[in-house]
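Okay, so subunit A shows up in both of these, paired with subunit B first and subunit C after.
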Partner chain A sequence: MKSFETVEQAKQNPAYYEALTELLYQLADDDFIISFRGSEWLGLAPHIEEDVAFSSITQNTMGHAFLYYQLLEDLGEGKVDALAHERAPEQRRNASYFEKKNGEGSYYGEPWYDWALTVVRQFLYETMKKVKLEAAVKSSYEPLANTAQKVLMEQPYHLAHWKMWMQQLLSSTEEAQEKIQARLEEAWEEGKDIYDLGPKAQDIVHHQLISGESELKQRWLQEVQATIKDLPADSLGDKFGSGRSGEHTADLDQALQTLAEVYDSDRYAVW
Partner chain B sequence: MNDEQKRQEILAILKTVDDPELPSVSVRDLGMVHDVLVNHRNVSITMVPTFAGCPALDFIEKNVKLAVESLEWVERCHVEFSFQIRWSTDAITNEGKEQLRKHGVSPPPENYQPGEEWSVDCPYCGSAFTSMDNVFGPTACRSILYCGSCKNPFEAMKPVVDYSVV
Partner chain C sequence: MYNYGGTLAADNVDEDKEKYARFMERVEAGEKIEADDWMPDEYRQTLIKLISMHGISEIMGALPEKEWVPKAPTVKRKLGIMAKVQDEMGHGQLLLRVAEDLMKPYGKNRESLMEDLLNGDLKFHNVFHMPTRTWADAGMVGWLVDGAAIISQTNMLDASYGPYQRALKRICQEEVFHAQHGEAIIMALAEGTKEQRRILQESLNNWWPSLLMFFGPESASTTGSSKQEVTTKYRIRKSSNEELRQAFLDKYLPRVFSLGLTVPDETVHYDEEKQRWIYQQPDWNEFKQIISNNGPRSKERLRLREIAYENNRWVRQALAPQVVVS
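This part shows the complex of A and B:
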């Protein structure tokens, strides 16, 4: 398998281009939506140091989304800002589980958010992010391999943070353990997208853009199990559909509306 | 002035452009300047961002452009950030490390293994009796620590190094 060093080379092969952009949208949209949900914890995290840590992680993760959108812009998919703000929900490729609201209520109303959901989701997401990045550094598309390597230099800090939370809560009170367990079961009902590469999975793997789903899943489960011994026995489900196919919930509509509110107020403003 | 002399002049002026979040530490000493190309009166500079999520990049780009264009012979300076080149904390010069300490920020530790805990000496009193308060600080590139000897809180640059995948 030859490697594709430039945008021009990738564009010469339409099948390759399609698989590549599909994967990049998944990576970009995952980081984008998880950053948004993270940003909704600003000022609400359990304590002040966590507020600083979580917002720093969130800001940096949005930077990672930017890097992937930049790769898409380079490939001629549109401007970074437009890719982030203007795409309709059905064009989004993020995992539907990642768009789920942080809990009951709303940020500007009564945010009865659930820290257990956040710890479980962030831990599962960062663990998969690591597994995917380690596979993407060997990608046939060199600009993606280089970007993955850069992100991998920063991401261990994020993963270590959520692993610490997971370990602490699992060895905490019975209530904490029960809450984590309930959110884990929920993740198993909704989270198939975490390892799913969508309808173009075969092409993505055929062009050696990243490892196959079964390998990603296996490595992810192995890493998750090193921290959480009792995982739900079932296989992961897709209760709210496949985000990789553009199936999303009303929670994504809310997220995109809030995210694009300022952008939409004047799309041609110069910042 | 030949091209090499012009290049040296550019590099010298880049020593005067500080990181907006770290006054007194130049972007050159932080290892952010990757390449300087001179073509008659036009200058093209490739820079390397530190952390991906750093919001200061636009300011840095503008400040570098302004500084270089203040040179009499420069007509236009083009600044570009490349995310394809990896920055690591090893790129910080010794002078950069000294300036960081003066600013109350410890330079990153050496021999850091990704994902593992690390510690640094206090930038004020040099004591090794320090503790990590928060790995995440006021910017993506910094952490917050506390010195048990001189009782000062201080910051440190987070180590980021190449991550080898087996």
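This part shows the complex of A and C:
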């Protein structure tokens, strides 16, 4: 399989181009929505040191989303800000589990967010992200491989952070263990699209853009199991459908409305 | 006065007098006082009040801007404001650690500070009681509120207390970036559409009284209390409140006018003879109300911290050292 070094090369092969952009949307949208949910926690984390650390991770993650949107812009998909702000929910390719609200209440009202949900989700997400990045550094699309290499310089620290939270909470009070366990079971009912590559999975793998679903899933589960001994026995479900196919919940609508509120007030203005 | 309990080492007054004289010699010679050095109680309490208020204001200050973090209109602006608010939390952490060291002899810690904030004993800065209504407000906080903060903190860059002075050095360096970040947002709005200019002017109108209040009243007689005499005596600060406000007006009013903006005070002008800006005093009674947690957004912002505190109790308990049962 030959590698594609430039945008022009990728564009000459329509099937390749389609699979590539599909994967890039998944990567970009995952980081974008996870960063948004993280930013909602700002000022509300369990302690100030965590607020500093979490907001740093969230900021890096938004930076990663930017890099992927930039690759899409280079491929002619539209401007970064249009891609981030204008696409309708059904065009979004993030895992639906990642868009789930942080908990009860709202950001402007009474945010009764759940730290257990956040620890579980961030841990599962960062573990998957590292597996995907390690596969993407061997991608046939060189600009993606280069970006993955760059992101891998800081992402393992993010994973280490959430791994530490997971280990600490799992070895602490009964209450903490129960809360984590409940959120893990919920993740298992909803989170199949964490490793799902969507309807174009075969093409994505055929063009050697990233490893296959079963390999990604296996490596991810292996990593997760190294930290959490008692994983739910069932296989992962897709209670709210697959975000990779554009199936989303009302939680995504809330996120997108907030993210685009000022942008939408005048899409042509310079901000 | 924010009282942290009884006087320490009050039993040997003569010895204290000697120590006090030696302490003042050091301060006046420009030496830095360190956390473990002997210091008079008044000095310690003044520092605790000043630094804990500064630290908690950084943390409460993250909340009004936080509202605009995800709403920032471009991905780059989102990144910029995320970095900025993260810095503010970092300043809060840095400062609370300095305050915690000072509080140790009184048996107080971080938890006490949070409780004092929630029960109203620990105040936070007037500007952070105000609403951020539009994206222009997010820019205004960076540009003029942080601009004012730079002026008031630069005034303490040579503070006699070493740990605070060193923290301020780092904070001021970062605040310069914040002011630039704010200025960039403001410039884009000023050069933008009619509506962008409208929200910019509206924002400045709304923030103007808060910005004047930022530096505190000219003298204690205005509001009944002011710590500026004590902080000056101990060489924690140099200039007076009014000198700082004049420095702020000196620096920013020409910039405001050059952007074609106005301030909501027709009397504002520079008096060449007196070499100072003339302006209408803000309502200092309102200032007192605001910092007593009766400002437009005081209750909501405190409620956010209260929820975070209550809601994460189980996490704190989970992280607490386990009691070993044998």
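Please note the rule applied: the second predicted complex is superposed on the first by the 271 of 271 C-alpha atoms of A that agree within 3 Å, B and C clash if a C-alpha of one lies under 4 Å from a C-alpha of the other, contacts with A are read in each partner's own complex, and residues count from 1 in each chain.
In the analysis below, contacts are C-beta pairs under 8 Å (C-beta built on N, C-alpha and C of every residue); 3 or more make two chains touch, one makes a residue touch a chain.
It should be emphasised that the depicted structure is a prediction, and the values quoted were computed from it without experimental measurement.
**Student:** In the superposed arrangement, which partner chain does A:Val151 touch: subunit B (first), subunit C (second), both, or neither?
**Tutor:** first
**Student:** For A:Lys192 in the superposed arrangement: first (subunit B), second (subunit C), both or neither?
**Tutor:** Touch partners of A:Lys192: none, neither subunit B nor subunit C.
**Student:** Based on the superposed arrangement, let me know which partner A:His64 touches: subunit B (first), subunit C (second), both, or neither?
**Tutor:** After superposition on chain A, A:His64 lies in contact with subunit B alone.
**Student:** If we overlay the two complexes on their shared chain A, which of subunit B and subunit C does A:Lys179 touch? Say first, second, both or neither.
**Tutor:** Second partner only.
**Student:** Output check: A:Ala269 vs subunit B and subunit C. Expected answer is one of first, second, both, neither. What do you get?
**Tutor:** So A:Ala269 only meets subunit C here.
**Student:** Considering only the touch criterion stated at the top, classify A:Ala160 as touching first (subunit B), second (subunit C), both, or neither.
**Tutor:** After superposing on A, A:Ala160 lies in contact with subunit B but is clear of subunit C.
**Student:** When the two structures are laid over each other on chain A, which of subunit B and subunit C touches more residues of subunit A?
**Tutor:** Comparing touch counts on subunit A for subunit B and subunit C gives C.
**Student:** Would you check which partner chain A:Arg244 touches, where first means subunit B only, second means subunit C only, and both and neither mean what they say?
**Tutor:** Neither partner.
**Student:** Figure out whether A:Glu49 sits in contact with subunit B (first) or subunit C (second), or with both, or with neither.
**Tutor:** Once the two structures are laid over each other on A, A:Glu49 reaches both partners.
**Student:** Using the superposition on chain A as set up above, list the residues of subunit A that contact both subunit B and subunit C.
**Tutor:** Subunit A residues touching both partners: 49, 52, 56, 59, 62-63, 66.
**Student:** Could you pull out which subunit A residues touch subunit B in their complex?
**Tutor:** For subunit A paired with subunit B, touching residues are 49, 52-54, 56-57, 59-64, 66-67, 70, 134, 137-138, 143, 146-147, 149-154, 156-157, 159-161.
**Student:** Applying the document's contact rule, which stretches of subunit B touch subunit A when the two form their complex?
**Tutor:** Checking each residue of subunit B against subunit A gives 51-55, 83-88, 114-115, 133-140, 144, 158, 160-163, 165.
**Student:** Mind pulling up the subunit A residues that touch subunit C in the complex?
**Tutor:** Spelled out, the residues of subunit A in touch with subunit C are 36, 39-40, 42-49, 51-52, 55-56, 58-59, 62-63, 65-66, 69, 80-81, 84, 107-108, 110-113, 115, 168-169, 172-173, 175-176, 179, 258-259, 261-263, 265-266, 269-271.
**Student:** Which subunit C residues qualify as touching subunit A in the complex?
**Tutor:** Residues in contact with subunit A: 59, 62-63, 66-79, 82-83, 85-86, 89-90, 92-93, 96, 110, 135, 185, 188, 191-193, 195-196, 303-305, 307-308, 311-312, 314-319, 322.
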